[in-house]
Amino acid sequence: MTKPLRVGLIGYGFMGRTHSNAYSQVNHFFDVPYQPQLKVICGLEKHVAEAFAKRWGYESVETDWRRVIERDDIDLVDICVPNNVHAEIAMAAAKAGKAVFCEKPLALNTAQAEQMAAAVEEAKVPNMVSFNYRRVPAVTLAKKLLDEGRLGRVFHYRSQFLQDWTISADVPQGGMATWRLDAKAAGSGVTGDLLAHCIDTAVWLNGGIRDVCAMTETFIKERKNVETGKVEPVNIDDACAFMCHFANGSLGLFESTRYARGHKALYTLELNGQKASLRWDLHDLHRLQYFDHADDSLVRGWRSVHISDSDMPYMGAWWVPGLQIGYEHTFIHQLADFLDGMGKGQPASPTFRDAVETQRVCDAILASAKSGQWVDVA
Amino acid sequence: MTKPLRVGLIGYGFMGRTHSNAYSQVNHFFDVPYQPQLKVICGLEKHVAEAFAKRWGYESVETDWRRVIERDDIDLVDICVPNNVHAEIAMAAAKAGKAVFCEKPLALNTAQAEQMAAAVEEAKVPNMVSFNYRRVPAVTLAKKLLDEGRLGRVFHYRSQFLQDWTISADVPQGGMATWRLDAKAAGSGVTGDLLAHCIDTAVWLNGGIRDVCAMTETFIKERKNVETGKVEPVNIDDACAFMCHFANGSLGLFESTRYARGHKALYTLELNGQKASLRWDLHDLHRLQYFDHADDSLVRGWRSVHISDSDMPYMGAWWVPGLQIGYEHTFIHQLADFLDGMGKGQPASPTFRDAVETQRVCDAILASAKSGQWVDVA
Amino acid sequence: MTKPLRVGLIGYGFMGRTHSNAYSQVNHFFDVPYQPQLKVICGLEKHVAEAFAKRWGYESVETDWRRVIERDDIDLVDICVPNNVHAEIAMAAAKAGKAVFCEKPLALNTAQAEQMAAAVEEAKVPNMVSFNYRRVPAVTLAKKLLDEGRLGRVFHYRSQFLQDWTISADVPQGGMATWRLDAKAAGSGVTGDLLAHCIDTAVWLNGGIRDVCAMTETFIKERKNVETGKVEPVNIDDACAFMCHFANGSLGLFESTRYARGHKALYTLELNGQKASLRWDLHDLHRLQYFDHADDSLVRGWRSVHISDSDMPYMGAWWVPGLQIGYEHTFIHQLADFLDGMGKGQPASPTFRDAVETQRVCDAILASAKSGQWVDVA
Amino acid sequence: MTKPLRVGLIGYGFMGRTHSNAYSQVNHFFDVPYQPQLKVICGLEKHVAEAFAKRWGYESVETDWRRVIERDDIDLVDICVPNNVHAEIAMAAAKAGKAVFCEKPLALNTAQAEQMAAAVEEAKVPNMVSFNYRRVPAVTLAKKLLDEGRLGRVFHYRSQFLQDWTISADVPQGGMATWRLDAKAAGSGVTGDLLAHCIDTAVWLNGGIRDVCAMTETFIKERKNVETGKVEPVNIDDACAFMCHFANGSLGLFESTRYARGHKALYTLELNGQKASLRWDLHDLHRLQYFDHADDSLVRGWRSVHISDSDMPYMGAWWVPGLQIGYEHTFIHQLADFLDGMGKGQPASPTFRDAVETQRVCDAILASAKSGQWVDVA
């Protein structure tokens, strides 16, 4: 019953691995209408691409992404390269009638994101952006609880994404491993890399953001560029915090940094509603904290919900109660949803269009940080 | 409206301080029918007793406990000395018609405890044993939840009391600071000192213990005795674990040691019932963990109940929600209950009689550890 | 050796109780050069004051604070009344040569705080403001670790104070129990009540704040005023968040609200430094979380430091390892330090002068929230 | 460079899935000398086996395990069927010269386990038993820390495996889903199913067990048998606790039950050593708790080590710091080690021989529970 889906993956870095894993695993656990076939892996260095192909079972290798798009035997183009190349590839792929799956952030800025969204819409091709944290079962559960109205009116949303990997001044910028510190490749620093995740989830859970007021900081002003070999100014934001108003009247407070010693990938979120509150963090991604004010006061407290039973989102596909899954599974879930959507002819969120909204907030953040003013999310 | 209650305290060690604090504080927070008056502190070394008297406001000092009992101006004798002296003092005090408050464990063995219970009952004097952990609000709450039947049939009770203060072979035995390592003064090691607490709470919460099977260990076989100056065999149990059956059919598992690196006073308890479970530990004494199987499965999890609201046991007397109390308050609570009981002419549990039961279990444990057999709690 | 210190306490509310407790307890646990004598309690309603006097042992009662200041038998005036009365009382007390102990926030605004600081300095009277959280042992330990340079350069400071007691629209404003919701009595809402604590600790730990950018919100716009009986606009801030730059170049992020369902008094703080990070919260006040990057990477992790050993700040005065203290002890510690300072003729921080700085930040916050601009802390 | 390894899997239940996943994934993440080829899945019901084959990519299907062993195109026989069939299959496979991978517990009793170990040794075939929890990275790290002597002399080992899935009297026994409640298929209850895991890990970490004293309980005495349709006595142990002495002089305390409301698969272990302690549990399997007494006392506390950096056991193969893996990965790790061992001609522990030791302890436990006596682990 499943149809083949011929995949061309562009980019063999960290995200290339998470996506390849998803293609390998999705049919083992989910009954989806497509069976991915790994046709080609494309990357700049041929021998790296070849090793990657061998490991994951890709049938062929390319070093120029244009070749992937030209090929007739590719149904889906998957973009796992630095941010500054997303737009060109995605629009070419759309034009060629390929389905497009793109890593986040979608684009370098809103204008570019708009063009990309227009391109896939015009081409009527299935498209999705990899904001994978929506598919952590605990986060999906949070969405369900909110949609059921269990929190009541929301007063507060707060979220962090804290890392500590760039504290040393010896970390360089540029190149394969550290392009995220190079403004040309990444567009921005933690705003596009980390806050984009926080914003995508926030808007999904709590609705649109009306206006923002932000500050950014670059703690280490110069780093060696591995491509030029020279010490050059660092142009990305090492840290960014912002306050905001959501359209529903709640207040938001967001922070991201790569200078929070002791936190590797501490993505947290918390919502406080009139009736209930909830909290989650990526370092214990298989738990949701939940507080229900309606509980009998003698035994009222934050509940640590261990997300492993089969009635939890996506968990029916996995193991048995008490046994946790991890990070990589979020990519499998999002692929399953994407393939399901394709089968039904329905978009799977977040589409390129959805991601434009996140881009808009990111642009407002960077503008606000520059001006020191509140900025409307246009 | 409050009547004076003239107190004679025997023992100025750690427990002498916790009791003195309770006398000082009880009327500030609880509306009890008595106002303690600190008439006399009694201890072996006069200058220590005098300093203690000055600090806490005792009116006079004695160095022989018999003098305290002879005095007409004493209503309550409070016994805070090593275990081997409890019986003689308590029985003399009872005979003299004094109310008696005694530190735990009540006695060196069941026979002695029986005599003591008989003595206070014959003299019809108010009496109580200081198993203070019953009056941790979270533990009192546990009792309330059990009495309300919220757990249903209980299957399991487990409890630990873990310390690490005797791991070094340089810790001596005997003397003021380390009499707990001297079998003559203490009777037993962790069994009487720590497991007695676990047992008192367990029997209170879960009913009587039918039989036990225990093992004990003395890891460091010889220690210097500070009284004799000689290295002598250690005769107390450094560690003790036991299995048991409760009368209600549930299984018990208990463990205590002074060799659990990293745990200072980790008294824990957990009950698993058909409908709910609960858990508590002394290192975060202001929280109760509670799991209710009847919760909606999507948001079912262990609840961390922060015990600070005014509807929690004893907490109406203290501060405002969110603000925690500590260890010393358990002694104030037990004193308040004891004074309340005296006002009403009702015993406050645990009485000497109640403590006989705990002694019986301790004796069975030590007998089982010696014989390697299951022993009935006679 | 201890000298008497004759105390006049003005205010018998929640803070009147915490201070009375400190006076009762300080000499039991700390060797300080003064022995407080509870001469007079002053409050508006005589029968309430009398009951309070009886409970705590005050020798007399007044209903007009001016009478307290006129009396010759008072050495220390302790101010535990709503914020709008602090200045008048404090300045009169200073003028009369009394030592002055004042609840926080010191004043309604910076100008008033400056006058008060000038008054006590001119009168050369001992003075202190009750930012009690500095004296949580874990927080004092944090200060020590920072002063020893263990964190290295600080990048981030974040702090919250979250409550949930005003979510219901039925909570009124004004009167004895809810004056904190009445702008006339309180000056501001969470900013002066809760953020003032966060700011005092932050400046103490991490140095001065250069500029701030804030937002405030009043979620429930009208409440019944218990004094007028009418529904009136709410003029205080229900929630306030602000970003800031510290003088040392670190970024600050602060938030306070009374609409965070599930949090009673969740005061949290976290610092991220180059070498180490630390974290603390009031709901488990006896623990400090500490991360040291210098640890062997195989066993590197956040350490949960249980603050109970005798080498911890203030803890040598209390019980034994593993046994926790609570909220009320912070007031005893600050009184001990104040009395020690008086004995040595040295000010005990935070003095009125220190508190002016906190007031300055609060004013800047409120100004920024109004203007939507960054505001320098003048 | 990798050689094909032709796999015949017997059993398509829960364990069949975890093993199939390991075969699918191992080469994506580990550089091992073999590439599994999924030749055949064998199960009693053909249509189930066919569906399983389709999902996982098995080339063929059998319904009689003897057929698998007869086939020439099978190198490895993997046994994922109920315990009572392990011996016959394993010995036949060994005799046929196949490598044998067997689910735990190895056998129904020690005698059978001995025969099985003898069989694979005589046949000189690679063999391993699937005690997968050794390969949780946190547990493997614990082993490393112990081997490095970081804990010093060990005083205590404690371990639990708590579940709650059989509390309802409506859960039947027998059949595909509930054979674990049927003594004929399972041999024992929690002892073989859950404690066997605890014992395997314990012996691996802390050395041999000398003697045991156990108690067992069957809370619900009769359940419907889904095969016979009749209500029949339950002959397995619902709960089992035991005390023991390790050869190194440390004390052990173990407990397992399926009646611990609120715990799904709470496998915990803790070791207390002279110098350090460590703790782990399966509900947060990606963390190790570690306490090092050598730490500076001011910042000494239990460390929560988040196991995600690339220097942690097995973690170099996975993602980036901060991102957790889950339960299924333990099977991939054990397969990688097994294949590595095959490549080097070295056994990978636990071999059948290693598993005999665990069986011996299980037998002693069941004998002790019956006799009420301490039993030597012969």
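Every chain is named by a letter (A, B, C and D) in the order it is written, and numbering of its residues begins at 1.
By our rule, a contact is a pair of C-beta atoms (placed from the backbone, for glycine too) under 8 Å apart; a residue touches a chain by one contact, two chains touch by 3 or more.
These numbers were taken from a predicted model, which means no experiment stands behind them.
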item: Taking each chain's C-alpha mean as its centre, the one farthest from chain C; value: D
item: Higher-contact pair (C-beta pairs counted), B-C versus C-D; value: B-C
item: Computed distance of Cα centres, chain C from chain A, in Å; value: 42
item: Rounded Å distance, chain B centre to chain C centre (Cα mean); value: 36
item: Distance between chain centroids, defined by C-alpha means - chain C, chain D (Å); value: 55
item: Multi-chain contact residues (two or more partners), chain C; value: 263, 302, 306, 309
item: For the chain C and chain B complex, residues of the former touching the latter; value: 14, 17-18, 20-21, 24-25, 27-28, 55-56, 163, 165, 263-266, 282-286, 306, 308-309, 318-329
item: Chain D residues touching chain C - in the complex, by the definition given at the top; value: 141, 144-145, 150, 287-288, 290, 292, 295, 297-306, 309, 311-312
item: Residues of chain C defined as touching chain A within the complex; value: 155-156, 158, 162, 164, 167, 213, 215, 217, 219, 239, 241-243, 245, 249, 251, 253, 255, 257, 259-263, 272-277, 291, 293, 302, 372-374
